[in-house]
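Some structures to go through are shown next.
In what comes next, chain A is part of two complexes: it sits with chain B in the first one and with chain C in the second one.
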Partner chain A sequence: MSTLDWEAGTVKGSWRGLVLPVAALAVWWIVSRGAQAGHGVMVSPAQVWDTAVEQVRSGALVRALSASLARELTGFAIGTGLGLALGALLGISKLANRAIAPSFNTFKQVSLFAWIPLISVWFGLGDVAKVVFLSLAALVPVVMHTSDGIRAVPVNWLDVARAYRYGRLQTLAYVVLPAALPSIFTGVYLALIYSWLATLGAEYLLVAGSGIGNTLVDGSEQFRMDLVVFGVIVVGLTGWALNALARGVQRRWFETSRAA
Partner chain B sequence: MTTAIGQDSGLTLRHVSKRFNDDAAPPVLDRIDLSIASGEFVSIVGASGCGKSTLLRLIAGLDGDHEGEIEFDGKRVVTTDLSRGIVFQDHRLFPWLDVAQNVAVALRNAPLSKAEKARAVAEHVELVGLKGYERHYPHQLSGGMAQRVAIARGLVNRPRLLLLDEPFGALDALTRSRLQLELQRIWERERITMVLVTHDVEEAVLLSDRIVVMQARPGRIGEVIDVGLARPRKVGDREVAGLRDDIVDTFFTEAA
Partner chain C sequence: MANALTRVFLPAYRARRTLPGDTLRSIGWTALPWIVPIALALLWMTGSRYGWISAQVLPPPALVFETLGALLKNGELWIHVWASMTRAAVGFGGGVALGILLGGLLGLSRTFEAYVLPSFNAIVQVPVLGWLPFLMIVVGIGEPLKYLLIGHAALVPVTLSTLQGFRGTPRALQEVAAVYRYSRWQVIARVTLPSAIPVIGTGVRLAFTKAWLTLVVVELVASSEGLGYLIVYGRQLFQLDLVLAAVLIVGAIGYAADRLLNVFERRLQRGRSV
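And now, the complex of A and B:
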């Protein structure tokens, strides 16, 4: 029911989301026409378009974007894998929770970027350092949502498992995990978004190699605003695509079988 | 049925007391003595806080740590067992499973083959009148239908004792009276022992052979009443209404 309403809402109201970007584009176009020609700060939409075409034609975009995405997915996979294991441990074992949770909660208070100096000393400025950083970014939300989701399983459902003589593993496999799955998925979804944001941060701060973050760095160093704007648009679209992908998976998996 | 009221069949509670952590407070249950013959339908009524649900959880084996003894079919109750089914007030269906899968939840540890389990599930879904709804998920069901599924789940193991903890308490009046009749029919057909906890005296009169009236602080048995009315009974019956009024007048007037 809710799915249908939601979808009808998007189809009917989707044009509204376009108002702001279109208006911004128009304002940009008008302002850049008025600006002095040759002045580097203000570029016109046409210049950015030319740059976009050139970046696509030369293969620079594909190279940068695929390097970034490969990094993002590697870090995401490692961080999510470790996060699921650690989160499950914290959720299931009271002992582990008491021993590890306080340290972990302190650890997550430290801003991710504060680890960059340490990571760069230990792992250099290359891909390894970046993937370590991204893994950290992905790890935190997965651990939080996995352990919270497991510990929030209603006692009432555990009663049902006990009434039917479920063993520890059966309770885990047939009650705890399915009940925690929506929360776990939220953690994984956040990990995907955070690790994409962190990809940019890593490429910006650990400057070596190629990536869409490096495209931005190059653009600003060469004072090529067209390249910078193009990079920002690509980053935004990629984030949007990752978000849409995760939402799509979520809808497919969860909304057919449960009420929101 | 030959050993209907034998020593080692049915349910026996001897001096069952239960207190929660606070030793100073009056016990939740104070020396409960009760025998229920196999095949009998017994209701436990009482105001909230009299410990009736706690008593049911002790019989189910979901709670332990009590004084006294609970015996079922000649064996001491120490933990849960598939021979003792339970239906809760909230249906407690799993939202990620459909109706048939939710009923099958009870059979995971039953010594049956896959085909036998499937047959048992189909039979019990039909028994509670939900044939055709096997593939529906809980959020697609009304409260009454969800509770029917919960009853099917409670029965599918063919337990010898079914414990019902205010199973119709959260339903609207119409659905409730329909499900009461259904339960009466199921009990007559299956002939298993049923213990129903309820705060609805009329429901107790309608369904029970005997009614156990409990009192609060400490939770104890006030009176055991033989119903002795002919079956099938209906809500409108004069005898049902009369006995309900008697019980309410005698035990629940000051409390209300």
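And now, the complex of A and C:
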């Protein structure tokens, strides 16, 4: 189900994919020239470029982006770690699954961002609150995919392990873990994407400190479209880079794990 | 599948049927899922009774339910629920309709796909929340902002699943259609679309989850009514009972809608095997 994300049918290396963006850019350029007087909303590509240069030169971009990424990765690491532990528990122990899974599934249904006001009361508006929220965002998909992956280990594999008189740990290390790995990785991959989304949300809603989300909010509050467009592009590129990174790791891992 | 694991890890379970404490065990098994929520509720109640938790940090459950009851009684809740549901319905409905249209076009025409899909993928790289400040400047903070963002959140999964579903038409069905000399439209209406429906259904369910999530965020950021606004309002007044009551309602509606769509999706999937 989660493979539904932006992968379906990618056409490779075709100039036709460039037609639309180039046309949009041209229209934007022409319209912004025509409406030079209409300030505010209609900024020209050149203005955005100037803002980009200024943001990069002054170091504001690096500061904002590194703050955001540090948060994102901390939350991601904590959430993934806890998620792997909880997911493994739910996958391995039928008792734990019966006791915890229904509560967890109900909790999962509450829209994630609805927790932000409560988190802000409990943890303030600073980095702690944001990291708590990001961990929560990363935790959910990891738990789901880890426990599903472990529970879906083929029965006959376990029978083979039994025939070889594998101990509990041996079965886990040599049978359950390799079989569940692809699903676990999907969970981690989703966690990375979710925590990036959550980073933006946390920076909008827990407004303190710096970050790329704050750049966007500032731009929108000061009615500086050039800054907002620049921010949107940076957010898109960062998301794309995280995505590409995860996909690259996935590809490498699967090749080796299949060969083994 | 889980049985297989318990067979390996907990061999005693195999002999369960013959144990004398069988009924006791099955009662325990039925009660098991309730232990965690009940324990948490008890902890919360005793905690606030004896003042371990300050009411400023976590109000006692009784107060939360009292607030919930008051909201229900004076009808204020319905105004907010209605506002949120309208937004969700317009945005989600529009997003799903456009997503099926766009995904269908992408699925049917390789040329259209070559022109449009790369741009679509590029736009998708920016999370819904990234567009929020941009759209705030362009369309303001009124209702259109909410419709657009919720619609966008719903559009993406529906488009991708429709594309996937349209491409996944079984070859055998296509051949039968060719034998019957179906026209292009007949093929779409009677073969491609019906065989894609289960995949689209999965996308629609995912779309609702995303739309509901987006609704809450948008209302938290910019709105003067709706469930998200209720949460922000309660937070500003430091009335955490109000916040918790609103969170409960958001969760309950999200849960109910997900169940409903799940039933719907199952029904669609059952239709496939026939």
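Note that in this section the second predicted complex is superposed on the first by the 235 of 260 C-alpha atoms of A that agree within 3 Å, B and C clash if a C-alpha of one lies under 4 Å from a C-alpha of the other, contacts with A are read in each partner's own complex, and residues count from 1 in each chain.
Operating definition for what follows: a contact is a pair of C-beta atoms (placed from the backbone, for glycine too) under 8 Å apart; a residue touches a chain by one contact, two chains touch by 3 or more.
All values derive from a computational prediction rather than experimental measurement.
Student: Clash or fit: what happens to chain B and chain C when chain A is overlaid?
Tutor: fit
Student: Looking at chain A, does chain B or chain C touch a larger number of its residues?
Tutor: C
Student: Kindly classify A:225 by the partners it touches after superposition: chain B alone (first), chain C alone (second), both, or neither?
Tutor: second
Student: Have a look at where A:170 lands relative to chain B and chain C in the superposition and call it first, second, both or neither.
Tutor: After superposing on A, A:170 lies in contact with chain B but is clear of chain C.
Student: Using C-alpha centres only, what angle sits at chain A with arms pointing to chain B and chain C? Round to the nearest 10 degrees.
Tutor: Taking the centre of chain A as apex, the angle works out to 80 degrees.
Student: Between chain B and chain C, whom does A:162 touch in the aligned arrangement: first, second, both, or neither?
Tutor: Both partners, chain B and chain C.
Student: Could you say whether A:209 touches chain B, chain C, both of them, or neither, answering first, second, both or neither?
Tutor: Neither partner.
Student: For A:81 in the superposed arrangement: first (chain B), second (chain C), both or neither?
Tutor: After superposing on A, A:81 lies clear of both chain B and chain C.
Student: Return first, second, both or neither, reflecting whether A:181 touches chain B, chain C, both chains, or no partner chain.
Tutor: First partner only.
Student: In whole Å, what is the nearest CA distance you get between chain B and chain C after the fit?
Tutor: 9
Student: Shared contact residues on chain A, chain B side and chain C side combined as an intersection?
Tutor: Looking at chain A, the two contact sets intersect at 159, 162.
Student: Going by the contact rule set out above, which residues of chain A touch chain C in the complex?
Tutor: Within the complex, chain A touches chain C at residues 1, 4-11, 14, 16-21, 24, 40-41, 91-95, 97-103, 106, 109-118, 120-122, 150-153, 155, 158-159, 161-162, 168, 171, 176, 196-197, 200-201, 204-205, 213, 216-217, 219-220, 223, 225, 228-229, 231-232, 235-237, 239-240, 243.
Student: Chain A touches which residues of chain B in the complex?
Tutor: It is residues 60, 62, 80-82, 85-86, 88, 90, 92, 94-96, 98, 105-109, 137-139, 157 of chain B that touch chain A.
Student: Which residues of chain C touch chain A in the complex?
Tutor: 1-2, 4-10, 13, 29, 32-33, 35-37, 56-57, 106, 110-111, 113-119, 121-122, 124-134, 136-138, 156-157, 160-161, 163-164, 167, 202-203, 206, 212-213, 215-217, 220-221, 228, 231-232, 234-235, 238, 240, 243-244, 246-247, 250-251, 254-255, 258
Student: Could you please specify the touching residues of chain A with respect to chain B in the complex?
Tutor: It comes out as residues 156-157, 159-160, 162-166, 170, 174-175, 178-179, 181, 257-259.
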